[in-house]
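Here is the structure we will look at, set down as structure tokens.
All chains are identified by letter, namely A, B, C and D, in their written order; residue positions are counted from 1 within each chain.
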Amino acid sequence: MKVKVAINGYGTIGKRVADAVSLQDDMEVVGVTKTRPTVEALHARERGYPLYAAKEEAIEGFENAGMKIEGALEDLLQRADVVVDCSPGKVGATYKPLYEKAGVKAIFQGGEKHEVAGVSFNAYANYEEAWGRRFVRVVSCNTTALVRSLYPLKKEVGVEEVQAVMIRRAADPWDSSKGPINAIEPSLKLPSHHGPDVQTVIPDLNIYTVAVKVPTTIMHLHSIIVKLPKEVGEEEILSLWERYPRISFVSGALGVKSTAKVMEMARDMLRPRGDMYETIIWRDAVKIVNRTLYYFQAVHQESDVVPENIDAIRSMFEMADKEESIRKTDKTLGVGWTLS
Amino acid sequence: MKVKVAINGYGTIGKRVADAVSLQDDMEVVGVTKTRPTVEALHARERGYPLYAAKEEAIEGFENAGMKIEGALEDLLQRADVVVDCSPGKVGATYKPLYEKAGVKAIFQGGEKHEVAGVSFNAYANYEEAWGRRFVRVVSCNTTALVRSLYPLKKEVGVEEVQAVMIRRAADPWDSSKGPINAIEPSLKLPSHHGPDVQTVIPDLNIYTVAVKVPTTIMHLHSIIVKLPKEVGEEEILSLWERYPRISFVSGALGVKSTAKVMEMARDMLRPRGDMYETIIWRDAVKIVNRTLYYFQAVHQESDVVPENIDAIRSMFEMADKEESIRKTDKTLGVGWTLS
Amino acid sequence: MKVKVAINGYGTIGKRVADAVSLQDDMEVVGVTKTRPTVEALHARERGYPLYAAKEEAIEGFENAGMKIEGALEDLLQRADVVVDCSPGKVGATYKPLYEKAGVKAIFQGGEKHEVAGVSFNAYANYEEAWGRRFVRVVSCNTTALVRSLYPLKKEVGVEEVQAVMIRRAADPWDSSKGPINAIEPSLKLPSHHGPDVQTVIPDLNIYTVAVKVPTTIMHLHSIIVKLPKEVGEEEILSLWERYPRISFVSGALGVKSTAKVMEMARDMLRPRGDMYETIIWRDAVKIVNRTLYYFQAVHQESDVVPENIDAIRSMFEMADKEESIRKTDKTLGVGWTLS
Amino acid sequence: MKVKVAINGYGTIGKRVADAVSLQDDMEVVGVTKTRPTVEALHARERGYPLYAAKEEAIEGFENAGMKIEGALEDLLQRADVVVDCSPGKVGATYKPLYEKAGVKAIFQGGEKHEVAGVSFNAYANYEEAWGRRFVRVVSCNTTALVRSLYPLKKEVGVEEVQAVMIRRAADPWDSSKGPINAIEPSLKLPSHHGPDVQTVIPDLNIYTVAVKVPTTIMHLHSIIVKLPKEVGEEEILSLWERYPRISFVSGALGVKSTAKVMEMARDMLRPRGDMYETIIWRDAVKIVNRTLYYFQAVHQESDVVPENIDAIRSMFEMADKEESIRKTDKTLGVGWTLS
């Protein structure tokens, strides 16, 4: 018996989660929703995903455009065990009553508040917290990446303090409406929301975050400063991270000097959509000075939460323990490359 | 017996040609070259392509970096029937004496002058001209796209005059060294080289081209104006182009309003590297007024010449006639999609 | 007696018109409006422009922010002979009833439809049409630039047909909300609105325009193709344009190869705000082939309509004839430079 | 008797220093150099600056272009008391022997190493160190800005540790050759050179810096984290900085939310070339948590070192003490605005 998964919102995250679910042997996509008859709806149909209108009123639009549609979200929820809500930030929460009424479990994304689900999830850090739960929130791309590299540090070396400056992409590659074209925009609210958000997953981590928006569509870049409680060598930190396959390493010495080159690697690995699920750390820029660790990490905002969504489903349905789920997810998605 | 293909220069074009050759049943990759031990060299090895140094002197660099290398370009040429030169523009011609000495056939790219090969190639327009030839030049991405949409017009309707304004991407996605970041740069030489270059393929086409560089890494966009010799309807032009699978169509009505959205379609089709081999025409912006045809086409500069290189090999080795070669190439690469 | 000018909307155009009015000896600024207490409002006060709220309801916001305010737009109109409406596109028309009620003359900008005023204005082309009129519309930055270089051609050589491809900046320099960051967006509506808009000023000009949006904040660039009725030399065209001071020339040979370099010239001329009022033509890219003229022109979207607004006021109040007004405006603003 | 100033290299910095020197009553420009007959050379002549060729061999190029030239750099040095070297980074040092031979004093810019001059200069921090010296280096735009906000903190509150993440513009506005267009590039060398460079001015400051390049031409942005030795309030820090006129403040509440908006303010203040000499701090993003101070500052890379160059001249020629020189420089350039 496979878990039946509905995807509400076949956009940047939704289409990737749908494909990832399809690759698992213990779950299946029973349908996806769109609000309008766009080219993405055509792609969904080509992939064999039953297509539903996100709202009853939207059905007519699809029919007028000549697109076959199976019904509305309510109909889809009847066929599902769990819905992965991939609607735009802050919209997800408005669907919660519908999910409750339909009696399905639901996963929300990081654009929603912690309170919508009560559990904020990262597979490495707190897989067990989602065990059997009805509502779970997978944290955002930035928070996921922060947790991925900081959780191992905290667990295995200890962390006194984290300062993270997050240089954020301003729009996704397909999105030509958002700027800036030529400006840097500091987030004037301090700390940025990312620090407190990390603490929804690792409550006792002493972290402060600052965010800045820059004119690129390719990856976030984090400049991270960690005060360690003791003397540790750079190689020790690298070996520690190497045990976590959702972290991968690049090297300036081999010509990988920008986020653009990291994304080119994903293309050259023939990853679907050129996705880079792993948090990417520059091996030759990991530096420790006076018990202070400096490192850069790059985050593919479109895809890094995808494996986390799969693991969240397994935990919510008590289908596999943490190690088994991560192993399965990573194997099917090809997570955890090394080039040598 | 498969034709043995060497790739000199495993960069933007070279890596794609290598993968395309590998998908054919009548040719195979016998090796690729790099000048330095970069991450691209690691990718080549992971794909199973024997790796050679582009120059004898470069071998040491690979060995110092711990990368296994099979020899230098000269050694590779001994094992090859044909070399596809994918070295940077104007560098290709400097290799010609080496290719001649090794007794291999050679394909040059559009960064070289017509004279280096004497035949400038496009599969639709002049497949037969490359038949049995020793040296062939596959024209550039922009010229290829111009020929693809103009050749059918000229052949089937006639063309009095073409004015093309080419709004060019300034750098490839992986290349973070080139600008501009915030400027438009007209090419002050008139006509731009593209018009005369189209005439190396279609000698009697009356075409004038103007080029402008803009700050994007995603696709060239052509704004094309064609004076037709007679009254024709827009639907007639569209049906004509529909018979040529290396032209595909998108529609603003389905939300495809920018080059970024076109590239997102390639990603959503799970094309390797997110490539779009086809010349893309906006269906809802094809307009005829007073026997003057207006249309926009988008050109994926990284990949549109790839199928042409494969066809050029077949013509040079007299392996298949035009229709058969195009059909084979398109089938293996998945060229010629329609969404409906 | 100076004409009393109100500026409704102290933004990109409004602040420039206010400064230009202040430089004239026959008109004066009696006040400007803002909708919110922003830094621009502070600048207005520093320049000595009486500050009014664009709406009655907005007054409180200014007071809460501790900014002194003279009243609302209605109060300002009581003190004015003419209002230059510089509110955002399509908003201007909504103010017309208020202007009518207050009994003031009004100038609208190119973001409004021709019908709002009935006269679409360019100083070279139809100064007389605005003579004594109550409502006049100064055409947009792009239309102004097209008229400036095409009107002299049409008048002195004749024009059979114009094809203009307009490569448009996507946002103004200060505006960090608009994209695209990395895409080209063709305007799928053909012709773009600019062609018909030119015809509101030069009704019998045979012009077709195509527009494309690109990721820059610096100037529009026009690639223009003109069919001439007779053989003319390039030097003749250049001399013709040289008689019109709102056209200036740059040269790639002196290193001016991009719109960014043109704007740098304006900065180096110490123009206020680095403005370039003139339409800029590349002297070394003016080319005639078979009675077809090709040229590039760059357009500073923030400032090129400013002198036109001043002239429109003079024509509406019958203060000076065309030559005198243009001479006066150009002298005060420093329009019509040559470097040699 | 005015100090006679030569400018070697009339580029981004050189042209601004020339204009600033011209505004002083105790110094004058005796000539500027260019390597080629570009439009900048024409601008120099329009401003009345005698024009010299940077190299003897370059004279012919100017003459061929019809530009009058006074001689070569050697000739200019004969007429000068001091040369402000504004040649490109690392080129300046190669001129030092020539300056020594000519017996002139020389100021180098931050693109040269500290050792070229032995004194690295900032007017606030170490005006006296340049007193009477023959060679002085004015530190780079980024270092200048760091020193400007950190020196007051260190002097008046004390500083335990500084972590600065510097998000750098990739090219100047006029420069259309440099990228990236769409990528973020971390500087993989840690610490970036800025930290040690600050220590050439403030030797005992405990500072570590990290640098990241982003696709903008407008201002650097620094995210700065300072561990303070004692409890201090945010208002206290702000009042402290307010006593230093080369720091100015902006506020998100008034709509200044990006570097683009800061530059727009400079334009609206009608600063020549839209320059912002001051280091700009966001008032509403100065935050102290547990004796850790967070703030953002924006740096206009083209102009912030200009006043420092003027002060360096005065110190080198023992013309005025620190307070007097800063006051004079700031008054002539209009440094130290507040909007209220």
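Brief remarks follow.
FYI, a contact is a pair of C-beta atoms (placed from the backbone, for glycine too) under 8 Å apart; a residue touches a chain by one contact, two chains touch by 3 or more.
Keep in mind it's a predicted model, so treat the numbers as computed, not measured.
With chains reduced to the mean position of their C-alpha atoms, the one farthest from chain C is A.
Interface comparison, A-D versus C-D: the pair with the greater number of contacting C-beta pairs is A-D. Rounded to whole angstrom units, the spacing between the C-alpha centres of chain A and chain C is 46.
We define each chain's centre as the mean of its Cα atoms; on that basis chain A and chain D are separated by 42 Å.
With centres taken as mean Cα positions, chain D sits 35 Å from chain C. Across the assembly, chain A contributes 173, 175-176, 180-183, 185, 215-218, 257-258, 260-261 as residues in contact with two or more other chains.
Those residues of chain A lying in contact with chain D across their complex are 163, 165, 167, 169, 180, 182-186, 188-191, 208, 210, 212, 214-219, 221, 223, 225, 252, 257-261, 282, 284-285, 287, 289, 292, 294, 296, 298.
In the complex of the two chains, the chain C residues touching chain A come out as 170-171, 173, 175-183, 185, 215-217.
By the touch criterion stated above, chain B contacts chain A in their complex at residues 15, 36-40, 42-43, 46, 65, 173-176, 181-182, 217-218, 250-251, 254-258, 260-261, 263-265, 267-270, 272-274, 339-340.
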